[in-house]
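When the chains are written out, they are named A, B, C, D, E and F in that same order, and each has its own residue count from 1.
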């Protein structure tokens, strides 16, 4: 459950090696490798084309229109982290801009995933600081109410624990629980290896119908060909 | 009406020459040339800036979360076709990614228009395989239920018959019935010719008010100028 | 209140110098400098990345599906103006395309902000004519009903008077009342000057917690650190 | 395809007996009986709780903000018809109110399904004239542009031919092609008969797991029970 | 423009007689009588069926997630007023519940129109205190930032000045500027008188085509009848 | 994290007494008593006015378009439970209708909360079986893919553990972790007791400004009164 008013300083980050291995895969591959769970809602979009990031989650729970806890979160960032910010209610305000990005980057953050809005996208793009958000808005926020840092949060429909691996690219954002990061990296590698072969066959004109032996199950399911 | 469980192998594709002629025009021009019908809803967006495609429709009717019929459709693609995929209910899952795109491309497809989600957008962009969709989502789909291929479908609010010409660019997607493809190409050419002249006049500072002789009808409609 | 059937020819444009000064700032900075009012809703997005514009508002009130008044507005444009178009009801049609843009540009317009749809985005991008809209749609419009030009309008939730300064960039669109343009430019300059210093500190690793002296108020608000 | 500027006077209405039989079933039952096709999008909602209607479609194709063709459609209504109105582009204006409802009712119409907005809902409710729409809006419409009556239309994602049976209730709206109305009524009756038995069993505490013999396929699919 | 931090105590309320006369008409009628301007967006819905209210506007400008100014507004309410609340950014939180409603009612308020969320709808319904909002949400708000009372505000796309007449019913919400309240009431009365006659004719089976003499203009516009 | 393919039979349900006590409060009160966390998104609406329910959560994780696990869940229901269903991706299909409701009711379920669509709302209303959903859709679902029962799920943005107390009414849905159910009931009772007194004062005309002693902090925050 969400806890308010708490900052957890010591969190169990996913194994760094596993995290780096996951960074090599796309979100779709990781999502498949996990059995199709852990994906954030597709409203979460990168602020620039080609954005990619992978890091261990420092989580933040914010209130609508209030970004105070992002400053608190900055102190908890270690190199290789990626900040994941949830809000207690729907809000599209611009909670994050180039000043906070400068601070996050100085602390070693690899990016931000926020279930709200962001601003200064031109500057963030120029800095190469990737952000996934559901809105872009110049509307600023206040600093009046405390939330939490490093508690479990629900961000864009996905549950994120501090220390989980978060992988994000043009296809969206997926969360890999810290405990299974290595295992998911293995599965992703296996999947990707298989796809190389498949891609070659399909490129040569072999049909998926044949490559996956689908003709029989389709006929059994009742598919009829007519002219 | 939608038919389920049917693959039609022989379809009447629009005349190839008319199709190539239509490829030269933008969607807005073609839409105007048709009398402002046949446009898909504006939620349909290209996955990359500058995407353009024009082809004869191979249609697919899918079920939510199930992309089995896209594999069936691949076999029906001929060079110059463009696949149009409808879903029997609202769904934003990623039905299509780089493996299917490899297969579609090998068959000669010019692109995909899908009233759902797509994934692997980085790879699709690198391949230059254009897709128009209403969502981008890494969420994969299953292969369990049969739909249809080459039946009339409703895609993003537009009715598409197999063999119709589909024109798509940054402005959206428009469907030209096969039977009137040549006639629409004629009308589009005529329209575009007229626009060259108009554009020149407007660029020189002539007002639309004068070029279109609007001052009198505006006054009749009651427009008043005040200072 | 909205007035229908009226074109005001003489409007009080904001001071040209103040307008040029405001052009140097981003929307987020201007919005902060105004005390966080005057922002349009975040559905308003530029049609191409990197679009920026600042100008004095020529306002237009349109009816859904009818762009007649944009032609009337063209005549009222002076160099340095930016057209702001509102619609009396929700509509995503493409009210504006490359012909009107050619005309607007010839008159010296710096861009368009429209609470509706736009088309010909490829051509508009090539022309470098920036537009902020809430939709892209090839759907054309008719010329049948009169609205107004240079009356106060509500555009995407913001009230715009003719002559106000409108600043638009990747972060959205903000409206600065003509009467306070110089004062807002001053405040924006002051704010930006302060940010240079802050950015430097944050880049060096100083935390916002310390730079803004937040630790004590956070503790007072009840924030607890745990391990 | 949509045709503009045409009113078809003679249409093939579905068999009246089949239509009356379909009126006895709910939308969900009819939809299942058709094999899960023909359903309009769930944005289509009745204007009052408990609204139910079933009739043969008189179709109308409107332009955004223009309800002229609804007056033309009135003349084509026969007792037992239900009007289905589509719009060439997204629009939430109130195209229909109590005056048109009075006229439609006098002609024997059983209701209206409109992919747009409606107004005077208090009066329509008092009259017992059911409407399914995607919006309620007091915004009136003009009478300037011609559309069509009794051409095939796409309404809320469903293709409707004049004469098709349209069934609507609290669950939404489904379209039954005229040619298969009797066959669908048979299938619906069969389905409903089966459900009586099932409902009795389930009410007595029998589980669907047992009634549908799902335990074995679930185990085969890999479902594990833990404590 | 929005002003922050200001409470205006003396406002010019619309003439009480004109206000009472307007209360007799539906929103659609008033909107037509005004020439189709002044309507709020159709997302504004009453919390219960059959809600109706008409009063002079006491306006409030709120910040997202902060309802402090509603308490300030309460003091400015006089019998016959209706509170209109705008928010400086999109927010669906429940700013208003049964306690505030008790206070507003005690002051003589006739209802609330809020471009945000509301809660305690069961209690508000039981009290017969009508509210029009764009969301229902149990999410409470804080009291930390000052906005304004009785400044012009933009609420759901409509500009509202303090003292304007606001009419609301099942069809939505319309704003009548105080200065023209009597004139709009006259126009509404005239319109309604005409409709009585029309309704009678239409009920007797006369077609709008004939009553409005539309056949000729339709033919001129090119409408063709086919069999 | 979501687990797939698992049914947990033994769960720790919240204390029955605490659950009954919570049933006496509205969602807004419970949400406040918890410190404003645990609320589902406001898209979750009851299918009929006045619906209320409170029970211990049996959770279900479904796939889009597939309701197989609802049958599996039925067996795990005990009297006093309320089923909470999440879906691995956005889907508005009608996963639940009167047959499943009959089964759930026979098992003692108090209602259903589902982050998707529901159908047979007329029958469910007649049965008095309350459902909170984000859509109503007649679109049926298949039974092909396994999900889970009684694992932690994210439903409409809220994290729900099996056994948690779920309170739902006209204002929405809130989740109370089992471990703090009694404590939250205490806080809710205290809050409600205080509100009785406040309501009385406000009804007598006392202003919140005075009752909450807001005048001084408002003045400090800079609020100015003008005439």
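Remarks
Rule of thumb we're sticking to: a contact is a pair of C-beta atoms (placed from the backbone, for glycine too) under 8 Å apart; a residue touches a chain by one contact, two chains touch by 3 or more.
All values reported here derive from a predicted model rather than from experimental measurement.
The chains touching subunit B as well as subunit D are C, F.
Shared contacts of subunit A and subunit C, meaning chains that touch the two of them, come down to B, E.
Although subunit B and subunit C carry the same sequence, what matters here is overlap: shared residue numbers make up under half of all numbers found at their interface.
Repeated interface: B-D and one of C-E, A-C or C-D share more than half of their contact pairs by residue number, and that pair is C-E. Spacing of subunit A relative to subunit D, judged by their CA centroids, is 41 angstrom.
Inter-chain centre distance (subunit A to subunit F, centres taken as mean C-alpha positions): 27 Å.
Averaging C-alpha coordinates per chain places the centre of subunit D 31 Å away from that of subunit E.
Counting only residues that touch two or more partner chains, subunit E has 36, 39, 42, 88-90, 92, 137, 139, 145. Pairwise, the chains that touch each other are A-B, A-C, A-E, A-F, B-C, B-D, B-F, C-D, C-E, D-E, D-F, E-F. Looking at the complex, you find that subunit E touches subunit C at residues 1-4, 35-39, 41-42, 88-90, 152, 154, 157-159, 175, 177.
Across the complex, subunit D is touched by residues 26-28, 31-32, 36, 39, 42, 45, 49-50, 169-172, 174, 195, 198-199, 202-205, 207-209, 212, 214, 218, 221-227 of subunit E.
Of all residues in subunit A, only 63-66, 88-93, 137, 139, 142, 144-145 touch subunit E in the complex they form. Contacts from subunit B toward subunit A in the complex involve residues 5-10, 48, 68, 71-72, 74-75, 92, 94, 97-100, 102-103, 105-107, 117, 119-123, 135-140, 143, 145-146.
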